[in-house]
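The two complexes that follow have chain A in common; it is paired with chain B in the first and with chain C in the second.
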Partner chain A sequence: MSTLTKQDTFSSLLESAPKTFEAARALAKESYLVQGIPASKAEEYKFTNIGKKLEQNISKFTAAQTFDVAGELVKSSIFEGFEGDVLVFSNGKFQPNLSSKIEGVEVSLISEKTDLALGSIAKPEKDAFAALNQASFEDGIFISVPKKAQIAKPILLLSFNQANEGQVIQPRVWIEAGDFAEVTFIDHSISLGDTAYFVNKVVELKGGINTQLSYYRLQNEGKNAIEVSSIESDIQKDARFTSVNISLSGDLVRNNLSLNLLGSNSEGNMFGIFLLNGKTHVDNHTNVDHTIPHAESHELYKGILADQSRGVFNGKIFVRQDAQKTNAFQQNNNILLSEDAIINTKPQLEIWADDVKCSHGCTVGQLDEEALFYLQARGIDKMQAKGLLLYAFAGEVLEKIQEESFRNYCDTLVQERLGSKF
Partner chain B sequence: MSKDNTILEELTSKEYEHGWSVNYEADEAPLGLNEGIIQWISAKKEEPQWLLEWRLKAFKTWQSMKEPEWANVHYPKIDLQALRYYSAPKQKKSAKNLDEVDPELIAIYERLGISLNEQKRLEGIAVDAVLDSVSVATTFRGTLSKLGIIFCSFSEAVKEHPELVKKYLGSVVPMTDNYYAALNSAVFSDGSFCYIPKGVRCPMELSTYFRINAANTGQFERTLIVADDESYVSYLEGCTAPQRDENQLHAAVVEIYAGAQAEVKYSTVQNWFPGDKNGKGGIYNFVTKRGICAGDFSKISWTQVETGSAVTWKYPSCILKGDHSIGEFYSVAVTNNYQQADTGTKMIHIGKNTKSRIVSKGISAGKSQNSYRGQVQVMKRADNARNFSQCDSLLMGDRCGAHTFPYIDINNASAKVEHEATTSKIGEDQIFYCNQRGIATEDAVALIVNGYAKEVLNQLPMEFAVEAQKLLALTLEGSVG
Partner chain C sequence: MLSIKNLHASIEGTEILRGINLEVKAGEVHAIMGPNGSGKSTLASVLAGREEYEVTEGEVIFKGKNLLDLAPEDRAREGVFLAFQYPVEIPGVSSTNFLRTAVNQVREYRGLEALDAVKFLTLMKEKMKLVEIDQKLLSRSLNEGFSGGEKKRNEIFQMAMLDPSLSILDETDSGLDIDALRIVSNGVNQLKSDKNATIVVTHYQRLLDYIVPDYVHVLYKGRIVKSGTKELAMELEEKGYDWIKEEVDSAATV
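Take a look at the complex of A and B:
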């Protein structure tokens, strides 16, 4: 159990929870109290001692309040060349007045959808933080893409966070896409300030039959921010889910990404890069659950670690007994650039069916000396050559992003990071 | 499919070859575990005071520990108070040489195919035969002692070479290491001790054969191998147990110490009784094995073929402390019926320019669960560490499982670490290819499995390789179609 007295630390959050979804909240609260904040002994949080981090300075957390986001700020934060619709959030809460109306898509506050099966995808009993969010979030957003709707332009979820140390931001997102629908989301958070606030986010995505669902995420929080997120998706037969996750900064970041393949011929793709410097600690936990035959999953995570940063990768592929003819592939490559950087990686396979093809690969290494020499021999100086090679390394993930404006934006950020820092 | 089933039935109905037991007059400790029992064991073995104190300290440590539950294995809790911690065949007097050993006991080993008669043995293997809690005979001691090599039972080593035992006992696997290691430290009965002096290349394979015979007895042996600087030894371990309905506990500790430029090769063919086809009975094999490459340029190599035991919990590890030291782990783990195996290795890179290699081949059939659990850790000062790991799983039958839990913890930027794992079943195309060339499905499977495990089997000393191949064939014949 944690050293945190679990009731105390987040009790004010739990007490001030609104009176919506009472049954779901009660269930989640109980589940949270049973689990407690995971200590470092908990296998799933072995290398990410979030309890200690949270406890460091704060003994009582309170909910962060909404603040006014200037229209100018919203405008200037949108990527160059982006033409899709924008939904704006202030400290996790949806701001309809700043957001665009999206044609053919239903958007509302989650509290208006009283019969929503909250927590049916991101189950509170699986993770203490998901439980905490479900028990105490204030309000969230509900997005529904109807059957056969093809939303050509991506939908940008633009969050502005500004809170003090000891304040918690708890965004809650529910996305559902009907059969044959096609939609892409871009999740981008912007920190206004460098305070040590705590973000505890839950996103539930529900895909129908033959849905094409993409969720891109850029994490570029303030360097003192602590963040835990649970993104979990259920998809049905013939559907495809693609996630691209780019982590660039923060103090301690924990990403739980889970995908449940519930119909045959479904396909899951999970891609990610973490480019870390300073003392940033990023922990990517991914989980693909193959429950049915004839599904496929691909996973590629890459890490570049400089300074005293620490990366954790735990990729789990779970193939259930009935999930014959599964193809599941997973790859994690890491480059350590500094003596003080640490990587803990655990690519994990749990296979209960026999007629499957599953593999994982994992490497930790440095830049190829010969490639470096080759470039230097052609008159490119060493720093530039290194930047070029690292950029190529990261590029394999970046190119999975289909939306051009977002890809260009990430590309620039990555290049800046690699060119200036390394 | 029906053909497969008949073949599978044939296979699973195959009796465990070494399932018999013998009645002999035994010297037994009363059931249960307490300080009194430990004193009883220690007195029985006429141990010096320091060892008794060491045992009691371990017992205290153990009492404060909890049974580990993280492994991917499930079994009913063992009632440690219902076990007997010492059982030894009664011998008229202690045997000074083989001629004095009770012929009945020698017969047990003859029946297992282990001849203790030096003339009858193939040249080049010295055997320490351990029955339940004691070592009954050690062969070729004369030949070995001429080279200064000490190879004897652990009890004798305590009496004759206390300084060596005192120096190395618990130096690689401390009593506080884990629950079962602490338990072993408190109650260990016998085992083998081997010391290779500086600069000596051991001319023959040293081998220990463990046999559990008595019922309700736990076997807690302790093996200590010390290879001084520039020496070499290859060590083999074999084990079997009678077929009984209740589960028996085997919690051994193996410690290996390798000095500068020394090389130790440790091979095991583990064939404890795996339980019957309904998962009844079998050995719980909870073993701690660890070697330390203490000196520069030293090397420790583990090779294991795991076919037996109802539950296996075993992680032979290498601590690569000396610069340029090398650790290797080759494993074939086969599980069938209701067997569960959670096995793998730990490679701890501490010295500079250390290298390690892991090749693990898991084969699961029937309703068994086979897990690889490994760790590669590169410490901060371990510059230029290199690791390559390959963990493959082969699945036969749709009710078995194969799991991989590799931990890779890198703390040094100059490390090069690669890990690869695949899981699949034998491809229909591969079988079809063989069929086309006139090879029957049955033989094709054997061929493919053999090829699959070859990388590991090649590492085994010749005599063992033959046994291992036979065991593989026996366990897997016809499991796939």
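Take a look at the complex of A and C:
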């Protein structure tokens, strides 16, 4: 893998790493130094030249400190109609005093869980940024849902980011759910300011057998922010995991999402929308690994790109030799609204088993002119007709969100965007 | 109501309409017939404002306004309605929401207040009866998975909801079985009044048994080459279009 000069990469950040999880950090640091920050020739970062973006600050990057988040701000940031519990983060660090106590769920700082197998799901050797996070994050959150617990109300992970150029926010999240547990998380980060800070996030999710886990995420980063995240989940027998990812802004955003289907009759779902304008660049790299028979995965990502925005979709599905009777479906559809918008899409299917049902596909197109004319011919204003069609396009993903208040909130954001900007 | 003078239109440089003249008054039903490729659907599309067609000459005055200056949505708001030959399936847009948006935008343009949910539903229920359309159909996405007949009925249902003064039915009869044809025609006939007008574009005379025209025009090579009454349609049914083609083509070579 091609890299930038190794000795400079995030040196000050690595030097100031805390003394917790020493073995895991040492391992990750080594892995990070081997991989280096991917440059433009790195296959996995081919269309997302993040090295160049980070280059000017790379040797002097420091960790962003926490700042005081006002209780009023927390209150006003919660979606209308939301009735669940809220966990608050300031520049990636958990703020227990601003967060709810969740009945029946264990929540603590990750540093208190000294025997945690950090990096056993999001392995540092798979991605340089995941390695960097593991080597140098300050502290994170540990959430454990006990066996058979049904957490009826969703848990909102509300992050406030406010940092300067050259500062790094490194959230680290560990979520585990015991057998038969059911729980939904909403990950929402709010940017306070337009500076070019860097977020490097890792979320590891470990579900037991027959768990029902949902992880919804709304990315609305500041327009100059750079963000990389690695979210990875192990999915056991009879369990279901659903991810919905909505990306609306940021300068450069890279999402790595990986699902490991480890037990039969497990199900992994990955849904996403990216609604881009200006010069925003969003790259969704997803990975589904079918290792056992009788599991299924469903994936649908949709992109609407305006102005000079750029989208990347890379979806990998692996069906291992043992994974007979796999059902794996993947789709990526995109609408380009301007001549300058670019999408690079690459659905990728690798199958070693011989008795499987798999499909993948992608489309890139413009708005359907015939449909537009049909709506106009009924008296609907052209702009509004466009909005209606784009909203219908995005709606197929939005409707995957089961939590009503969050769905309504996203719905409004999407409609506002489609009505005003496009 | 509608006055078309020397209308020429082309698509991608090919001239399709070569000087159409047509006068339509309130209360009248005009049938436009003609062989395939004669420009019938082009005429309907140009009147509704489809952008692919370029009008190169002539004018269209609708209720005193230059129709060709108006955007498609404004033509609809002024009272032009095109029943599509191929109604478009639009997944994700619910029929009901679409129609409510359309009805209220048209009403706003005409200076009427927007209908609230209750009034809208009442109006919808009333108009649904006209074309015997099922409520279940309207809770689905617009035209998605509708049969051919259901799509055409939905067109006439939309027409009833939007209350146009000029309705243009583009091959609304093609592909319909007799029952569906009867339902669709019945809807159109009930909506007819002395204040509105209808242009029926069709290849076949069959539809005109149900929607009886006051005038029949034959379009060939982008011009109206013959006009008459409903008897002309009968003659075309009996003799086909060849005799008209011959008449026109031989006149042209003289």
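Everything that follows uses one rule, which is that the second predicted complex is superposed on the first by the 414 of 422 C-alpha atoms of A that agree within 3 Å, B and C clash if a C-alpha of one lies under 4 Å from a C-alpha of the other, contacts with A are read in each partner's own complex, and residues count from 1 in each chain.
The criterion applied here is as follows: contacts are C-beta pairs under 8 Å (C-beta built on N, C-alpha and C of every residue); 3 or more make two chains touch, one makes a residue touch a chain.
Keep in mind the model is a prediction, meaning the values are calculated, not measured.
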item	value
Touched partner set for A:G361, first chain B, second chain C, both or neither	first
Which superposed partner A:K101 touches (first chain B, second chain C, both, neither)	neither
In the superposition, chain B vs chain C on chain A residues touched	B
Which of chain B and chain C A:R378 touches, first, second, both or neither	second
Partner chain(s) touched by A:Q321 [first = chain B, second = chain C, both, neither]	first
First, second, both or neither for A:L349, with chain B first and chain C second	first
Chain A positions touched by chain B in one structure and by chain C in the second	none
Footprint of chain A on chain C - complex, ascending	48-51, 71-73, 75-77, 81-82, 84, 87-88, 90-93, 98-99, 101-103, 105-106, 109, 141, 158, 162
Touching residues on chain A, where the partner in the complex is chain B	43, 47, 321, 324, 334, 336-339, 341-366
Parts of chain A lying in touch with chain C, wherever the complex brings them together	368-371, 373-382, 384-385, 388-389, 391-393, 395-396
Residue ranges of chain B in contact with chain A within the complex	70, 380, 393, 395-425
